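First chain A sits with chain B, and in the next complex the same chain sits with chain C.
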Partner chain A sequence: MAEPVAAALPDDGATGSVRALLGNPRVVFGGAIVLLLVTVALLADVLAPADPLAQDLLYSYLPPFWLEGAEPGYWLGTDSLGRDILSRLIHAARVALVVAVIAATATALIGTTLGLLAGFYGRWVDTVVSRLIDIWMAFPPVLLSIVLVAVLGAGLHSVIIAIAVIDWTRFARVVRAEVMVQREQDYVASAVVIGLGRWRTLTGEILPNVLPLLITLFTLEMGIAIIVEAILSFVGLSMASDFPTWGGMIAEGRQVIHQAWWLMAFPIAVLIVVVIALNMLGDGLRQVLDPVLRR
Partner chain B sequence: MSRAQLLRRLLLTIPTLFGVALIVFILLRVVPGDPIAMMLPPGAGEEDIARLRALYGLDRPILEQFLVWLGDAIGGDFGNSISLRQDVLSLVFSRLPATLELAFVAVVLAILLGTSMALVGVYGARRLPEWIVDAVNGVLLAIPDFLWGLVFILAVVVLGWGLPISGRIDPRLDIDWATQFWILESIVRLDVDTLGVLLRHILLPAIALALPLAAIITRVLKASLMEAMAQDYVQMARLKGLSRGRIIVREALRNAAIPTVTLTGVQLTFLVGGTVLIERIFAYQGIGNMAIDAVINRDLPLIQGLILTFAVLFIVINLAVDLTYAALNPRLRRG
Partner chain C sequence: MTAVLDIRGLHLAIGGRHRPTPILRGVDLTIGVGEVHGLVGESGAGKSMVGRALLGILPGAAVIEEGRIDFLGRDMIRLSERERRRLLGREISLIPQDPMTALNPVRRIGAQVADVLRLHLGLNDRAAWTRVVELLDEVHIREPERVARRYPHELSGGMRQRVLIATAFACEPKLIVADEPTTALDVTVQRQILRLIREMQANHGTAILFITHDLGVVAKICGTISVIHGGRILEHGSTEAIFKRPTHPYTSALFAATPRYDRPGDQLRPVPATLLAELAREARALDEGRRPGAAGR
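And now, the complex of A and B:
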């Protein structure tokens, strides 16, 4: 019987897997940008040149530094209330990261648990979970998240709940299918033969083998969570409007796009870079961790 | 798909729809936040609240409320919209054609774009064309329709693309036609000018919706084509002296179509779900935009009706994909 952890990693152990990760350009590039995002979010107070909430109506709608009329110190210009856009972008990274990590964790927990149970136990458990997935897939996700947040009340916690409640099917579907494949493998039969209980087999043997898949899904889910937060801010349902979020900044910018296009352009650019980075990281991790793809 | 299987699939949609209806119903009533408080402006008197509660039957137990609503809904009565003071069903039908036209144009664009990208990638395999297709597709796969919509609006304003970014039609044009399928009707009426205006309005929202689906079609179709190219019958065709382009289109494409339909069909529902936000961004007057307004106005009956409409759309799409798959796959055709 293979050690479950060893089965998930390349044959030459932990150092080999680190080398494999660093040898994958997608992992390196995506990971670097995600690391940068984390650093910016953690050091927002130090890095931001100005208070993101400080208004100065004398300096409203300043353009970014390369355009005529820019003021030194306001690198990316200011918004309608004269608040520094760069500082707001930096502080909004914090919200994005918090949502990404917590929402993806909650989504993964719900989805993985249901997927594991449905895939491993089969029968009525599978029937119930599969029906639930069917029903969930029949909901328009964006609309449901908007309804949920409207019902729960605007705020970051509602956004996180909405993401987890709606997106668990993504994990459940994939994990269920994977567990069904794993269940038929020899190592599961061996685990049963040596007398491990069903629960021990599920958590100790099968779970580690779906872990690579979960890491990939988690990375992608972080990207989805950041987008959903931006969408809800855009519709006006995420944070209080004075607190900077990328989606909120886009929504403000959309209204004054003809006077000051840069208000909308910078948060969109940041979102695109972050989402592409998370996708590359997820893709790269899948290539490195998936034993089938690795061959 | 045999007749029995089809019947089974059709019957299974009933519990799904029932589940959707029940969840929406409970969600809007049980979770903190009184629906009546949602309907009335802040500061409404106790009496008003009680009267409204009785008017909408909200003073009765939830299960009873649900059964009453369900009974009415089966008879085609989805109640009245609170904010628009009209019957929900006629409101949905007045806006649904706009959304269907948007989704249809988007799907056609996605198929055209996705297929051409896959063909270019396979024709130029292991050379520059494939690398370009892969790089472009990597970006397309990552960016959701919401961001594309915003990027296009930005591009129109900053770069001066001469395309409309708001609404379904020029507000100066007043259309009073028999149906709400304006694009279809303008074709039937041979009204080329109006058709042009409509197409210019639908172009950017449709492309925004189409790009993510096109990316998935490209990925799946390209992989299937590559696989098909390695098969015996393709080698045979090559021996017969057919050109590479001809082999790809005539021989490989037909066989690669089956996995592509199966794997991308599911994504169609994501495209239709995406209309909600894209319609909002482009101020396009379909059911998605109406749904967001309904949520903002706390219009309970309308929200319920619209979510159920989307659920029916999703279920119909999935059924259609299954049937297409069965029709395409000769092994399943016999049933």
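And now, the complex of A and C:
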């Protein structure tokens, strides 16, 4: 939050915050994996040992390196077309990351705005938003996203739009409830009594108190976005099939699970680790960022 | 003596459209310039509602049915939102009851005190910061610069109340509503805070509406008092006169129910049930007169 006066101070808080962040095991563990994911996605071209799209039918279904029959250079084996699985995993991280960041941001913007308005202004605003949430939640999310993407046409932008359109209720519900709690706090009455307007009270007093919650939700939403993207690529509605995605790789592996389990196992493992890391990071950040929980 | 605040015939009710419960039944109250006026009553007497009506922070279900709240010639009830906002914090401010919850937990102390300075006096960040430190110093906070950088949870209740007092006096208001400012504090801190409020009041010449249930506190700080019960002012006058010779039987009963450290042997007596019944009957008669048939509970 913009805090001009605090910013004007010689700040002894910055180094303290960094220390607090590094002292929290969840932040360190989750953050390390997320950082690794970001690095891998950014440097995919350098890090990937092979071209993720290069086929070599002579080397199809190679097992990972510790199994008999593995070929050097293909660490995690190859798929039905002889493409290197490790390289495909690395390149697919890009898709996952882009979807996670953009979809979570869009979701947060829509959901938070509606949640803030509903929680703060109450009355008819709350009624409208709450009914909207009720209606939204009556739809099965996976089905709705498949329908949405089918209508919008396959592709990354459709996936992102679908996630934001479906999942804003997660933010709206939580933010609305939290704002309703915060609104009744004495500090809000104090803000009104010193003559702050309603909008400034909402954005300057209440929003900073909701922020730790938002950060938690945001990282959680990143994990959900990654899973939804995987589901959509699993059913073939995300990226065009020639570009590697974790969901797409799982879908391909499913058909040969008994002959080559590694096709499916590695993308699933990566998916699980990344989502767990995001959840832990969110939880840890909340502990560190909330001044009341800090000590 | 000119009046800072003049409340006339204030009626306030809470709840349902069809059967609102009367909370204030024609409250009259006048506070002169620089006067400290105690509004004394037991729980549920409606004393906090008077302050909230004045500040415009009534709970959602409460409705002012009639009456005037005249503050320096302006009718606070019919003021537009924008005009009220200009007055609040600038001309009228509040010392709240519970210092533990009245500060925003995620913002630094200095920034919160500075809000009112920037908003009403148009100070820039640097000037506001300087003034914040001065103000914190004035309420006897040691190392004000360090404290200004702290978060509320790092301060004790007494310290926070000092911060809130500094905020209340920051713009030199004409009137401060002190809503049970010492109730949430322990007894030793209460004394210090009371002394501080008295000192600040004397230095700034601010009028104070001091809402409390504590007669001991009233005796220490208030020049004049009003005794409120069931939303009615039963008696008002100078503190000295009322303490010496209360005219209303309820006031006498209230004194008899208050422990006195200088007379520990005295038996405390509850307010007699017959008196309470009598007061309730009077109140009902009043309600009946205003809204025939509605008070038949």
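A few remarks follow.
One rule holds in what follows: the second predicted complex is superposed on the first by the 276 of 295 C-alpha atoms of A that agree within 3 Å, B and C clash if a C-alpha of one lies under 4 Å from a C-alpha of the other, contacts with A are read in each partner's own complex, and residues count from 1 in each chain.
Assume contacts are C-beta pairs under 8 Å (C-beta built on N, C-alpha and C of every residue); 3 or more make two chains touch, one makes a residue touch a chain.
All values reported here derive from a predicted model rather than from experimental measurement.
Annotation for chain A, partner touching more residues between chain B and chain C: B.
After overlaying the two complexes on the shared chain, residue contacts for A:Pro63 are found with neither chain B nor chain C. Once chain A of one complex is fitted onto chain A of the other, the partner contacts of A:Pro208 are limited to chain C, with no touch recorded for chain B.
Legend: residue contacts after superposition of the two complexes on their common chain; A:Gly197 is shown touching chain C, with no touch to chain B. After overlaying the two complexes on the shared chain, residue contacts for A:His258 are found with chain B alone; chain C is out of touch. In the superposed pair of complexes, A:Ala189 makes contact with chain C only, with no contact to chain B. Contact with neither chain B nor chain C is seen for A:Gly155 once the two complexes are overlaid on the shared chain.
Across the interface of their complex, chain A is touched by residues 55-57, 84-90, 93-94, 96, 98, 101-108, 110-111, 114-116, 118-120, 125-126, 128-129, 132, 148-149, 151, 153, 164, 167 of chain C.
Listed in rising order, the residues of chain A touching chain C in the complex are 3-9, 11-13, 185-187, 189-197, 205, 208-209, 211-212, 290-292, 295. Interface residues of chain A facing chain B in the complex, by the touch rule stated above, are 131-132, 134-135, 137-144, 146-148, 150-153, 223, 227, 230-231, 234-235, 250, 254, 257-258, 261, 264-265, 268, 271-272, 275-276, 278-280, 283.
Only residues 12, 15-17, 19-20, 23-24, 27-28, 31-33, 38, 138-139, 141-144, 146-147, 150-151, 153-154, 157-158, 269-270, 272-274, 276-277, 280-281, 288, 291-292, 295-296, 298, 303, 306-307, 310-311, 314-315, 318 of chain B touch chain A when the two sit together in their complex.
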